[in-house]
Each structure stands twice: as C-alpha cells, then as structure tokens.
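Down below are the structures I want you to see.
Here come two complexes built around chain A, the first alongside chain B, the second alongside chain C.
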Partner chain A sequence: MARDMAMPEDRQYTGARRKAKRRRKKWTRYRLMRYYIVPWLFLIPILGLHAFVVVVPAMQGVYYSFTDWSGIGEAKFIGLRNFEEMFFEDQSYIDALSRNVQWMIFRMIVPFTFALFGASLLAKVKRGAMFYRTALFMPFILPSIVTATIWRYLYNPRFGLPTLVGYDKALLGQSDTALWAIAFADNWQFWGFLMVLFLTAMQGIDPVLYDAAKVDGANRWQEFWHVTLPGIRPVVLFMMMMVMIWAFLVFDYVFILTGGGPAGATEVIAIDIYKNAFQRFEAGYAAAQGMTICLFASMVVCAFVFLRKRGWDI
Partner chain B sequence: MIAKREFFLFRKQRESTAFNHIFLSILVVFSLGPVVLLAVNSFKSNAEMGLNPLGLPQEWRLDNFGRAWEQGEFERTFKNSVIYVVGTVSLALVLCGLAAYSLARKNPPGANFVMIYLLVASTVPVWLYLVPLFFLWRQLEFLNTYHGLILIYTAFNAPFSIFLLRSFLIGLPVELEDAARVDGANELQVLLKIIVPLAWPGFLTVGLVVGLSVWSEFQVAVIFTHNPEMFPVTTSYFKFTDRFGRDWSLTNAGAFMMVAPVLILFLALQRRFVEGLTQGGVKF
Partner chain C sequence: MITKRLVLLSILALSVALLAGAVSAQDNKVTLWAADSDTGSCWARLLVDTFPRDDIEVEVVLQPGSGLVDAQRTALQGGAGPDITFSHGPSFMLELANAGLLLSLDHYADEYGWGERFAPWALDLGRVEGSLYSLSEELETVILYYNKTVFEENGWEIPKTMDELYALADAIREAGLVVMGPAFGECAPCYEWAVSVFFTHHAGPEKTYEALTGQRPWTDPAFVEAITALKDIVQDGWYMGGIDLFFSDTFQQAHSLFGAGEIAMSFEGTWMLDNYQRDYFGEPGGNENEWDWFAFPTTFSEEPHFVIGVGSSWGISQSAPNPDAAAAVLDFYYSTSYQAESHGLCGNAPAPLLYEGDVFANADPREARLYQEFGQASAAGNYGYTSWSFWPARTNVWLWEQITRVYDDQLSVEDYLAGMQREFEEEFADGLIPPIPPR
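So, the complex of A and B:
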C-alpha cells in the first residue's frame, strides 16, 4: 500500500526515466508477489491436503465403481455391472435403501417437530432462556458412542425405560422396533441443534408481525402457523435438505447399537458399504454403492433447486 | 384506557410464559435426564443397577472409575485421543488460518472458485471417497498412524474452519494491518502480530469445534485404525462395551470419564460452542 502511493511522487522528483522503469519493474514484481503469489501460497497447503484426502479418492471411487475389485491387486473393468447387480439382483441393497428412506422420513418429522416446538416456546421466554438453550443443546456435543451407551442402557429389557410401562422385550433386539429405537436415540441427540438454528432464525422475525397477530386475536397455533413458520421458512427448508442428504450417510448409531442386526433388520447403506469394502472384499461394489449415495444426495439438491425455480420461495 | 390495555397485555404475557416454562422444563428433563443418569449410574455398583435403575445410588462407589480406567485401558486411549485432537487442531488452525486470511483480505483471482469448491466439497457424501481413501492410505502405510488420522481429520474439518475464520476476519478493521505494513511488516508478520491477537476468539471457536469433533469421532477411526495401540478413546470404548456389555457400572463409568472433559469445557465456553457448531452447520 505504502509503495503504491509513493511511486508516482518518486517519478516526479527524480525524473530519471531508467530509474523509473526499473522501479516500475520492481513494483510489478512486488504487486505480483503481493496480490497473486503470496495469497495463493497461503491457500495451497490446505487446498492441496483437502484435494489429496477428498478429491483424489473421490475420483478413484468413481473409477472403482465400474470395476470388480477386491481391494488388493488389479481392478477389472466391468462397466455398469455393479449398478445392474445393485438395483436388479441385490435385494439387501434395496432393503438397505428403503431403511435409509424410513430413517429420512423419521428424521424429517420427529426432530423437526421437537425443534420447532422447543424453539417457539423458547423464543418467548426471557428469564432462564440461556439455561434452557444450553441444556437443550447439550446432547448434541456428546460423542455418538456415549449417546449410544446411554440409550442402550435406557432400552435394556431388564430394568430400562420400557419395563416401567411393563414392556419387557428388547427394543434393539427385535427387527420391527430396532430401527426406530436407534432413530429415536439419534433424535435425542440431534434435535437441540436444530432448535438452536430455528431459535436464531426466530429472533430475526420482526416483532411488529407478532403485535399485529395479537391485535387480530390470533391464538398460539395461528401465530405459529402464520407468523413464525413463514418467518423461518428458509432455515427450515435448508435444514430439511441437509437432513435428507445426511439420512443417506447414517452409520455411527447403527454400527454401535446393532451393527446392522438383528438379522440385518437395521442394515442401512453405509453399513452395507462398510461390510462389502472391509469384510467381504468387494471394494469395487462398495465404491459403486458409495456412488449411489452421491447420486441420491445430488437428486435431493436438484429437487430443491427445481422447486425454487418453480417459484417456491425456498 | 392505554394503561388498562397494557395491563392486559402484561397479564397475558405472564400467563403465556408459565405455559412455556412448563413445557421447556419437560424438554430439559428429556434432554438432561439421560446425561444425569449416566453420571449417577457411574457411581452405582452393578448389583444395585438392577434394583435401582433410575434413582440416586445408595452407596457412592468411586472404584468404578479406577476399574474402568484399568480395564478400558483409558490411559493409553486418552493419550492417543489427545494427540489426535491437539495435532488436528493445531494443523487446522495454522493451515485454515492462512487460507482464511488470504480469502478474507487478499481476495486473489480464483478466490470465488475456492469458496465454491469448499462449499461443494463439504456436502459431498463421505461414502463416495471413504473406501478408496482407505486403500490409498493402506498403500501409503498411513493406516494405524497418528499422522494418517490427523491428516484426514484436518481435511474433513477444513471447509468449516475456513468459512468460519474467514467470516470472522472480514469483520476485523483493516486499518491496523495497513499501519503495520507501513511500518514494514511482511504478510506473515501482519498475520502473526496483528490478525491472530485480534481474531483469537474466532480461532478459539474453531479450535473448540474441531477439537470436539475429533474427540467424538467414531466412523473414520473405526475404519482407519485396527491396532489397539492406536485406538482413540471412542473406538477403544466401543470394543470395551463389547467385552463388558453386561457390566453397566463399568461401561457407565467409562462413558462418563470420556464426556466429563467435554461437558466441563462446554459449560465453561458454551456460547462459543453453540455459535461455532450452528454456524458451521455442516458436519460430516
């Protein structure tokens, strides 16, 4: 900065052309350094690392998805055979996919209801607001393994919560309840995070709108439906999109609590990929399954972009 | 007339917050109850657990912690986890700090491209590249090493860290940096002497969030470490619950030891945690 400003003055005073030329050359080199090279030198280390950890393997993944590969030795190119097998022959993949969709539906209903309810209550409260926010957010910072331990204890059929209402079967041990039990433990940890996001958005709503609703004699529900929800709609819809994408990635809770059991009843795509890649030595097939997750995620994003184009004010 | 109306509104508001407080308290019990229960249960003996699953312990047993510490080999795994956390946090703060500074202040040609790249990269599903990454890491003999895991964690946390630090740096005044440059400081000196002291709250927030995510991380650790010597506390605890699944006092005590540092840090710095985690928004 100092030098850019000093330059023309120098030229005036010295008047010597050669000197000025040399100076300008130096000046451009300095400019090149300062505006191009140094900034990029600062960017390159982390971008290089990120590309090495994410982009390179992602491209390899795209390639391997078209191969038959055990993870060791040569990968044999087989075209679309993996995808053909996945969608037309491999029933376990279709089942896993349907479980991810169930998980997604659960996650779009239960945590969102909890979070909207909690946030709309908390937005009105002044005294103790900080305490409530901290307490309700707290489960989100727990490691998944700890949350899983807590809920394994709470679900245990000998003296856990179900026994209080006289239900003495293992929620995690039966194929028709296991997935929902896991999803609820996940909800317990997750909804506080959503709530804080919604709460922040609610605090941005113009209070005049609430006054107007009050004057019009709106009850709680009408106020929520006609003022609060439209006010935070962008955040809600964005989080819906993220939750839909994340629903295809679920791994931790299922792996820890049931490992895909009982009898494969909770096997979601990520568990299937894990087993294919690291236990059944079908790395090529696993890569293809990973590709499909990416495909579903981009479908979700495209759907939201499309709806936005169609005039849904997302 | 006006006084009457205000009085009416005031009454109505008081009425409505009572309703809010009741339901919020129920939610607090729902959220905190299980955590409190974990803490309380880690003091019970295993025999008492069945008789008194939800109450306070009749006899507070401290030796659960000692036994869990021994049996779960927490000494080693705590050390490993601390290495992963410290390594990742310092690497991420240095590299992402440099990048964020460059994006916030220098705005070099291609900066927009970098931002878009980071945004897309942070939403690409992790399962697209996790399997090939494993085989790449095996080829490089990075499996079961500290640097192998630290590099992955740093890369995974990079988009979030850069975004947060960048937005923080943009909010700082430029004048001080210019003044330093007039005094002849080079870019690195400006960064170290001016930016870091001013922006430390941003660095602290990012450090906390990254540290928390590494401390809690399970999925990557379970795939990339198989040698028990290198296990972080999460995967080692997972194996531990496999072995001692029926011994609730041991598993509760172990889990409590694992979260106690996190909980204390969270209570002390909760504003930063909440801010960092919700602004980051994207977790892997």
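So, the complex of A and C:
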C-alpha cells in the first residue's frame, strides 16, 4: 500500500492496466479453450467419420453428375448434358417426379389425418393406453419387406381384401390403382409413428387450456381445432417438412411390390435412379438425378427456415 | 550376450518364416463370391471340397441378399472384390472388360484347351474385340412346360405350330383353365423372356441375327408382327387369366396354380426344371400331377427351335494377386465332371460345354431330353437369342421396361420398336453390342 502510494499515478494506472490485460488474456485463453477448441476436439472424430462417409462421397456424387460415368472405369466430363437431358428430354424422369409429388401429397394428407385422429382419441384413453399405443406403433418397427409382403397378400384378388367387397381385379396390377395401393400400404406402417409423436406433443399442452375451452362451451372439434392443433403445431409442421423430404426418397415399398410397374405406373425417382445406375450403366446420369432429390430437399428446408425467420412457430 | 543374439535371431527367423508362409498362402488363395442361397451354398461347398489341388486354397464368400452383382461391381471399382468375378452375362462382362477390370483369358484358353471344351457360340460370347474375357455359365432357354396330367385328362396334343398353339389356348379356356403362367409381379426384367422368344420364334432367328448385327432395323415389319402377336395374347388373358394378375401375382402363386392344374402351361426358363419337381408337383406340391415340356412353336417350321442364353459369366479380376491359380479354379469349375456333379447335387443349370457320353445319367429324363433336343437344334442352326445374353444393356432395359407399356396400350408397337432402334443405334455406335456368334 505504501509502495502504491509512493508510485506516481500514471505508473499505478499502467500496472493496473497490465494486470487487467493479463486477466483478460487469461480469460480469453480460457474461453478460447473451453468454448472453441475443446468442443471441436470432441467433435473431430465424428466430423472425420462424417467427412469420410458422407461429405467425400457426396462431393464425388456432385462430380459424377457432370460426367458420363458408367459406374465403373473412367468418367468423362460432359458439363450440364445430364441435367439438360433430364429436364428437357427424359419424359420418364418428369413422370417419376410427378409420381413423387403425388406420393408427397398422399403422405401429407392420409397418414397425418389418421395420426391426428388416432392421437386425439388415444389422448383421452386412460385404461390400456400403452397397449393401444404399442399396437399402433408396432408396424413402424417391422422391416419393409415384411409389411410389403403382408400387403401383397392382402391385395390379392383371389383371397385378399378385394374379395370382401366383391372386387376381382389386382390393385397392384393396374396402372391407375397401383401407386395408391402402395402408398396405402406404406401409410399403414407410417401413421403409427406419427401418431405417437403427436400424442407426446399433446401431453405437453397445458390442461388449463382445455378447462378454459370447456368453460367457453367448446365442443370436441372446437377443442381440437383451437387448443390441440395450435399446441402441437411445431411438431406437425416439422413432421410435414420431414415427410416432404422423405417423399422424394421413397424406394423400398415400390421396389418390393411392383418394381416400378405395372407399365411404369409406380416408377418414382429412386427406382429410375436404380435402373439407370445398375441396369443401364448410366451412373453419371443417375448421380445427376440424385442431385435433384438433394435440391428438392434443400428447397423444402429453406422454405421452412424462411417461415421460421418470419416468426412461424416451427 | 551370445544367447541374447541367438534368441533374437531365432525370433527374426520365425517371423520371416511366418510372414513368408502368410504371403504364400495369400498368393495361392483364390476368392469368389456366391449368392447365399441353397443352390449357391451347395455348389460353393462342392467346389471347395472337390477342388483337387492342394497348393491352391479356394474361398467362396456367400453374400446375402439379391444384390450380389451390384455389390461386386462397387467392390471392383474400389480395387477390391473377389479374384474370380461373376456377372449376369456377356453384356455385363463387356462393361467390366471395357473398364479394364478383367484380365484377358486368351493364354489360359490355349493352356487349358477351353476352345475344345465349350460350345463354340458360348466361348465367343465372352470375347471383347477378339480377346476372351469371360466364360459363360448356366445354359438357358425358355420353353413351355405343361401340366401333363391335365393335358391327358382333356386329350390335348402338344402343338407343333403357332396355329395349333392358338387352338390349344382356346380349348384350355373352354375347359375353364388359365392358358399359362407365370406372373411377373416380383420381377420386372422377366418380361424379356417372351419378347426374346417372339423375336426368334415369330420373326425368325435369321432376322433377329441381322438386327443384332446392325443389318436390319428393329422397326422391320417382321418384328412389328411379332410384338403385335405377343401383345395380343397378353391382352387376351393368356397369362394368368388377366393382365392385372400377370402384372402383379408372384412366381410362387403362379407355379402353385400350375402344379395344381388350374393353369395349363408355364412359359418359363429351363432354370425351373429342377424346381417344378422339387416344389410344385407330386407330393411336395400336394397334388398327383405330372409335368413335361415342349419347345415353343414357331410360325415358320415344325422343328423345335430354342432361344439360347447364359445366366451368368465368370472372369478373372485384373487385381487378382494370383491369376494363374484363379485360372486353375476356373478350369476345374468348367470341367464336365464338376458341372455334371454340381447339376445333379445342387440343381443349377450346367455350363454350355460339349458334353460327351452319359454325364447326365442321373438327371431327370425330361431334362436329359431337353439337353439332347437343345444340342440337336443348336447344331442344325435352329436357335435364336435371349435378350439378357445378346442385347446391349440400355437396349435390353428398354426391351423389358417398355413392353409393359405396350401391353397396357400406353405405347404403340411401332413406337416401342422405334425406341429400341434408337437405343440400339447409340450402343452399336459405341461398340457396346455383346459378341453375336456368326450363323
């Protein structure tokens, strides 16, 4: 203290500044380590793995989409030729794309309706609730091959469901019904998953809101429309975004049940990609088709990010 | 000190010996992949057990699922994969050879005398620009199986001409039965079977040969007539009783109905020879029926004609560490004794070799008759072409993919053939046509 007092004022000031600077430096180093370096050290293994199995192959995919690669051997750079062919010459791609859009519309309507309806009913069930939830969720964990095979037999016009209504045509064998028949089989597996998500979201809604609605004289439909649906809106919208993206990836059910037939009626983009890559030996063109799926997914995500920035509760 | 050095030297010597042994074992190990099915595991075991050379170790890796060829293609592209490569047939092997992934087999063919062992057309199928790159496997054709018991009960005769076949179909339908199976709900490429047969049996093998060698367009009126005839019988409900069932039913459903006598005939490949007896007729099928077969009639001759094809091909990978050992394994695999034993034990179709004597003595007499008639027809030039062996890849996909649109009236026969011609011309110009044996 005595020494401090003996020091000139400007020296005292400089010393304090130096100390503060040292403290700041230490704090900055600490912050740098704790918030910037250490987390990245933890992330490096998974980032390395991600780069190796996702980023590098994806970049290769981008490159091959500009080549005439057959899937083996050397690839020749052909610029935008694949994209030109895809959008302006290849009618099968345009048809496949329109089927994916139909699939998306179906998936946005039917499973969502089933799931919202099912979740609303189950939310009120107290006894045996777990049994119903498990039973309805069960199809989702079954492998697609099992579910698809079950539905192949269910659709059989000789002994399946059509016989119950006296219908003697094969739903999977007609070009105007096959896509919807597959979509319904897929819906059977998927809607239970959606329902469980919605049910979980519904449980987070404040019960006071329902009490208030009852006091206001709301009926079940008004309760659902004005309380339940706004309460689970973020989950519904998020799942809509996911369903829109997944709709462009559909492959397994179509491949198992019809392989894209009959007469190309169920040929979606993924089936077209498979044929081009592995049967027509046009892997470069298939990569370009894959890029468009990526593009559609990015557009959907961007749309949702935009809406979120505009204040939507997503 | 000396003891220490001795110990070190001993360890070093042991390591070198072990390393040498490992390298030597690695060099003499030949790997190949097979589908993890009953047939695949059967012939794989037989090959490993009976391969006679002790200095070569054969390892067959059974791959689950149906994507064996796709998986192998990816592995080969990555510089891995088996030493002996397998693919669906000549057009697939042509792609691998063009990509430089296969080794030329010319000197092995000379060394082992494969030229004398294979049917001449079969060895030619594996050539690319004159060099041999693959060996054909699984001799195949498409025939009409029939429920012999049902035919005898109804007094129906085997048709020798197309007109007789049409009359037979009418009689079958009058009896309340379905004319023929199978259905292709599980197999989109299988639509090519009938197209291949109609090109050869309706338009004729010479014209098909000319088209495949670029001397005649696929839009030729003879092909228009052939595909129109095929379309008519499909739309008329010959297959499964209706086009919707033809498009959607499974093989199992169709074969069961055939065994039970509800479907009179089955327009199938020779790969079913073993299966019908084993699974669908007699005790295994829960019926007392019998089956037999006849060659699909033609519009121009009463002599039996057959489309020829191979189900798969084998070659040696460019990256195989010991190609000599791989060639020795191939040589054994393509011996008549192994093929006969594998056929008898595992039921897989034999390779297109020149079989002498009674190597198939234990085979079913119907099967023996098939190989006999097939050999006679081949020798007389009464053979045509299966699309999966002789068509280039893109044209072949067009052939089986678009024919369903013809059946469904979405595409006219003329447009279908014009599209085929377009694809063919491109591949012809790029040199992608599999070798077509001269007639």
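Assorted remarks:
Just so it is clear, the second predicted complex is superposed on the first by the 264 of 314 C-alpha atoms of A that agree within 3 Å, B and C clash if a C-alpha of one lies under 4 Å from a C-alpha of the other, contacts with A are read in each partner's own complex, and residues count from 1 in each chain.
What we mean here is this: a residue touches a chain if its C-beta (ideal position, glycine included) is under 8 Å from a C-beta of that chain, and two chains touch if they have at least 3 such contacts.
Model, not experiment: these values are computed from the prediction.
After superposition on chain A, the partners chain B and chain C collide with one another. In the superposed three-chain model, the partner touching more residues of chain A is B, compared with the other of chain B and chain C. Once the two complexes are overlaid on the shared chain, A:54 sits against chain B while remaining clear of chain C. Within the superposed three-chain model, A:71 lies in touch with chain B and with chain C [touch as defined at top].
Within the superposed three-chain model, A:193 lies in touch with chain B and out of touch with chain C [touch as defined at top]. In the superposition on chain A, A:278 makes contact with both chain B and chain C. Shared interface residues of chain A, touching chain B in one complex and chain C in the other, are 71, 152, 278. The touching residues of chain B, counted against chain A in their complex, run 9, 16-17, 20-21, 23-24, 27-28, 30-32, 34-35, 37-38, 41, 49-50, 53, 95-96, 98-99, 101-103, 106-111, 114, 117-118, 121, 123-136, 151-152, 154-156, 158-159, 162, 178, 181-182, 187, 212, 215-219, 222-223, 234, 237-238, 241, 248, 251-252, 255, 258-259, 262-263, 266-267, 270, 273-274, 277-278, 281-282. Of all the residues in chain A, the ones that touch chain C in their complex are 70-74, 152, 155-157, 169-175, 178, 257-265, 275, 278-282.
Across the complex, chain C meets chain A through its residues 70, 73, 76-77, 95-96, 98-101, 184-189, 242-250, 253, 393-394, 397, 401, 404-405, 407-408, 410.
Here chain A touches chain B in the complex through residues 1-2, 34-36, 38-40, 42-43, 45-47, 49-50, 52-58, 60-62, 64, 71, 114, 117-118, 121-122, 124-128, 132-146, 149-154, 158-160, 188, 192-193, 196-197, 200, 214, 220, 242, 245, 248-249, 251-252, 255-256, 269-270, 273-274, 277-278, 283, 286-287, 289-291, 293-294, 297, 301, going by the rule given at the top.
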